[in-house]
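Look for chain A in each of the two complexes below; its partner is chain B in the first and chain C in the second.
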Partner chain A sequence: MTERKQTSISYRNGKNKLIYILVCTLSFLSMLPLFFIIWEVISKGYKNFNLQLFTEVTPSSMDAMLSRANNGPIPGGILNGITGSILIVGVAILLTIPLGLLIGIYLSENSQKRFAKLVSYLTDLLQGIPSIVIGIIAYAWVVKPFGGYSALAGSVALTIMMLPMVVRSTEETLKMLPRSYKEAGLALGSSYINVVFKILIPSGFGGIFTGILLSISRVMGETAPLMLTALGATIVNWNVMHPTSAMPLLIWDFYNDPNLVDLIWSTSLLLLIIIFLLNWLAKIVARKWKI
Partner chain B sequence: MKDKLFKLLLFVASASVLLLTAGIIYALIGGASQAFGEYGFWGFITNSEWDPRSATEEYGALSFIVGTLFTAFFALLICLLFSLPVALFNGEYFKGTKISSFVGSIVGLLAGIPSIVYGLWGFYMLRPLTIELGINAQGFGIFTASIVLAIMIIPYASSLSSEFLSMVPNNLKEGAYSLGATRIEVIQHISLPVAGSGIVASYILALGRALGETMAVTMLIGNTNNIPKGLADTGNTMASIIANQFGESDGIKLSSLIAIGLLLFIITAIINLIAKLIVKHMSRA
Partner chain C sequence: MENIEDTGREPILKLNSVSVSYVAGKNAVNEVSANIYPNTITGIMGPSGCGKSTLLRAINRMHDLYPNVKTTGEIFLKGKNVLQMNPMEVRRLAGMVFQQPNPFPTMSIYDNVLAGYSLNGIRLSKKEKDDIVEQSLISVALWDEVKEVMSKRGSFLSGGQQQRLCIARTLALMPEVLLMDEPTSALDPISTNKIEELLLDLKKKYTILIVTHNMSQAARISDNSMFMYLGDLIEYGNTRQMFTKPKNKKTEEYLTGVFG
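Showing the complex of A and B:
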């Protein structure tokens, strides 16, 4: 044992108290940025947060400039971004859910197999890929072979981002279910496929659905991969093979266009509302369908 | 029969993850091969020239690698200052109380804010502040980008490390208390050493996030193609150069950008692997 220097109890208590205060203060400070950001977005965004935002497409830079010169409001909204986000994220959800559920079921049922461990490791690897790199991948897979930017390329990029989250949440939820559920079903003579779809999935519905909601909220605000894939458009587009805009892409466009800059805050406000609603919904689902 | 088909379907779906990974690596290497073929692997990552003018066209990744490491590590340093207290607050001082779940969910919401909104906030609120502080004239640069980056990774670092702190066995702590230790001495000599490698792992994961973060950094770092000389200097990260120049590129420049993407993929994969191995080791112990 090394000899410890004797320290007085008042010094030790003082140090204890000081660190306690420091921890509380710094924890409190860590919460501040959230309020700053929300305040900034609300205080600057509420002015243009009106019906027009949802019903009209992005105005051209020229129209916006003329209107600004006459001190008028910005003549347009972000309808093309809202529909674009619905299209791109919607297709991504359709691609992700079946695949993610199947992989999650496989991993939870065969966790001891070597192959499952490899798949599980690769899922982790996919989860760690930076979003911009995923954009490059979707560009190489979809944009280049099909000869143009498209909503589908954006959906593929978002699918790669959502898949690991859905797989993980499905796997973890199903692993938490008691073994007896499955055994009871099989003992009653039910087929494996019925046990999975009529017992396991419904029992784990809360956890699985929460995972899906959280993964949607995570990709909703993704900008970088969409810049390399969906590109953006100034019209409402429902064709998956055409370039399409999305709310985060519009924020980026507005940021780069001094005439439209007033719209960035209302678009950000809408985006934040959607994301926080999804998070809140996920929390409610998780609480209500707790296993 | 139906069951067999279903099990096969499950297997095929899982095998698609292998296919996906192979496709990703193939796409990145295929796209990067032209740049690596032209400059060589070492030549590419040790060259700090990024010159798109057609007469003297030359591309190297060194400036962006340095810029990425610089911003990410500085952000991690700032993040440590705030996320460790949050982790102690939630995992030790107020473990399991209402106030801890409140603080936890508020800090957790930071993870939900899109990168581009952080960028806007940094541009309109933080940048004027850095100008006022006299750090640099335009307010863009490593310093501004790192601060925003630090805020973005606080939730990732703090939630995982508070989980590891709350897993420290009570009897160890009680033993120290019964010997007359104060709370901070228990934290210093029991909690932090026991949860240590888990906490390190959560910071490595946060570092991985910081390395790949794109939009906020792109909007704040200043986008100059040089090796940053200090905190006040401007620069570019690997992610931001791709975001900035991908759209208008073709030929060797496009290939160079994909090569940077490949490097970023490799770096983050290694970092995540290290963190996952530590976490796995921890949960087994």
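Showing the complex of A and C:
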């Protein structure tokens, strides 16, 4: 009996170890693609990652070709894409935050209501809609009626993509707050709306802000919906009603132009850096303003 | 059930057949009537689920938060029926302190004391603010401990200090009645002792109703006691009398630990 128990334990220990090694190996493998992507982007993108990238607009194909023929660097940058991304995403943030917060508040406060459950379910569905479909919708809703491609149309498309995440993170954060904050506020004779905006939202700031940052980093690299809405531009544009470029749109343009191919990697590198920074910031915010 | 008579004094709070139900047809508080007189401490005792907190929360209309909770009967606070008043008005007259200390986490100690004013949109001058904060914190014996760290978050304080801060936050609005829902059950004995001393001091200016699980606490600080069981107010009377010579058999059993 004792003999048998001994072998059984060593067998189980061995099995434990094996599974442990397997899990570690697989975890490591899952990280490999990321390392390869980063390596590839850095090694190919650093050459053109210079000041010019941030200060000049996209060069014409002809200039680039001439420069390449003389073995020179690509003459130009992606300033139009950087400003375009700031404009389109910025307007999208302005549209998303009030909407997302209000819907999130409604869902967290009325989670038992049938309508709230429906909204919650539909929000999940919205998250799963392909971005190209959202682009077509924004094309039909904004581009067509306003008679032209515009940064605003791009912002509307991105807003639809950001909303589910902001709604969900607001809802979940507010649900996690102790009920007694709300009760204590109301017990002081406060109106409901003041409790929400002066106590609940500030108390859940960390979670809500993290959700907003992550949603920004998610749409920062979206290309398909912008192709159908913002279209692109070779100049710096700050008018929301005009066609505008964006970093992911430029990557697509560069891909289609053999003379500008080298800029793909520098633009990708910049996008990756921005997205990593946003994620890192989100982590810090989440840690610092923990509930 | 007998009511307390106090000749020559008007009760500040008058409960008249108050019933509260969470589910239709089943009363969590059943036809409770009682008169509560000014400047007294009334302890509400009873086993878990007997309706103590439910009764307390009916007084400042906290049940309004949950639409399926129904309150019937009459509750007169200084002669006005609470159930027909605007709940925001009621809650300023009847301040509430909760079981868990809950200073607002994003506000400083100073702002926590003034939270009632800022939440109600009442503008005060700097001088008025300073005075209210100082007076409120002095009355909960917290002023000397926190006057140097006013700008720190409320959560910076210890549990007992946080609870006193919450009491100060309630007192800052100068309520008529102080409703306390097991205010010391999350605190250590030393902090509990401090709060009890504080309550004995506060009753000079306020009327206090305190729900407590702790019978000796009720015995130590309350003037009158209510004993509730299964939603009914079984006995209400002078604390000393109730603890030495309870009129009802159920009360006696509870006080001697036969159940609870």
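The working rule: the second predicted complex is superposed on the first by the 267 of 291 C-alpha atoms of A that agree within 3 Å, B and C clash if a C-alpha of one lies under 4 Å from a C-alpha of the other, contacts with A are read in each partner's own complex, and residues count from 1 in each chain.
Here is the rule we use: a contact is a pair of C-beta atoms (placed from the backbone, for glycine too) under 8 Å apart; a residue touches a chain by one contact, two chains touch by 3 or more.
Not measured: the values here are computed from a predicted model.
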Chain C versus chain B on the shared chain A, clash or fit after superposition: fit
First (chain B), second (chain C), both or neither touched by A:Leu122: first
Comparing the two partners chain B and chain C, which touches a greater set of residues in chain A: B
First (chain B), second (chain C), both or neither touched by A:Leu94: neither
Which of chain B and chain C A:Ile199 touches, first, second, both or neither: second
Partner chain in contact with A:Ser217 - chain B first, chain C second, else both or neither: first
Partner chain(s) touched by A:Ser191 [first = chain B, second = chain C, both, neither]: both
Partner chain(s) touched by A:Ile137 [first = chain B, second = chain C, both, neither]: first
Minimum C-alpha separation between chain B and chain C after superposing on chain A, in Å: 11
On chain A, positions contacted by chain B and by chain C: 191
Of chain A, residues touching chain C in the complex: 178, 180-191, 194-195, 198-199, 202-203, 205, 291
Sites on chain C touched by chain A in the complex: 60, 62, 65, 88-89, 91-92, 95-96, 98-100, 102, 104-106, 115-116, 118-121, 166, 169-170, 173
Chain A residues within the chain B interface of the complex: 12-13, 15-16, 19-20, 22-27, 29-31, 33-34, 36-37, 40-41, 99, 102-103, 105-107, 109, 115-116, 118-119, 122-133, 135-137, 139-141, 160, 163, 191-193, 196, 217-218, 220-224, 227-228, 231, 248, 251-252, 255, 264-265, 268, 271-272, 275-276, 279
Residues of chain B that touch chain A when the two form their complex: 2-3, 6-7, 9-11, 13-18, 20-21, 23-24, 27-28, 30-31, 81-83, 85-86, 88-89, 93, 103, 106-107, 109-110, 112-121, 123-125, 151, 154, 158, 182-185, 187, 208, 211-215, 219, 239, 242-243, 246-247, 257-258, 261, 264-265, 268-269, 271-273, 276
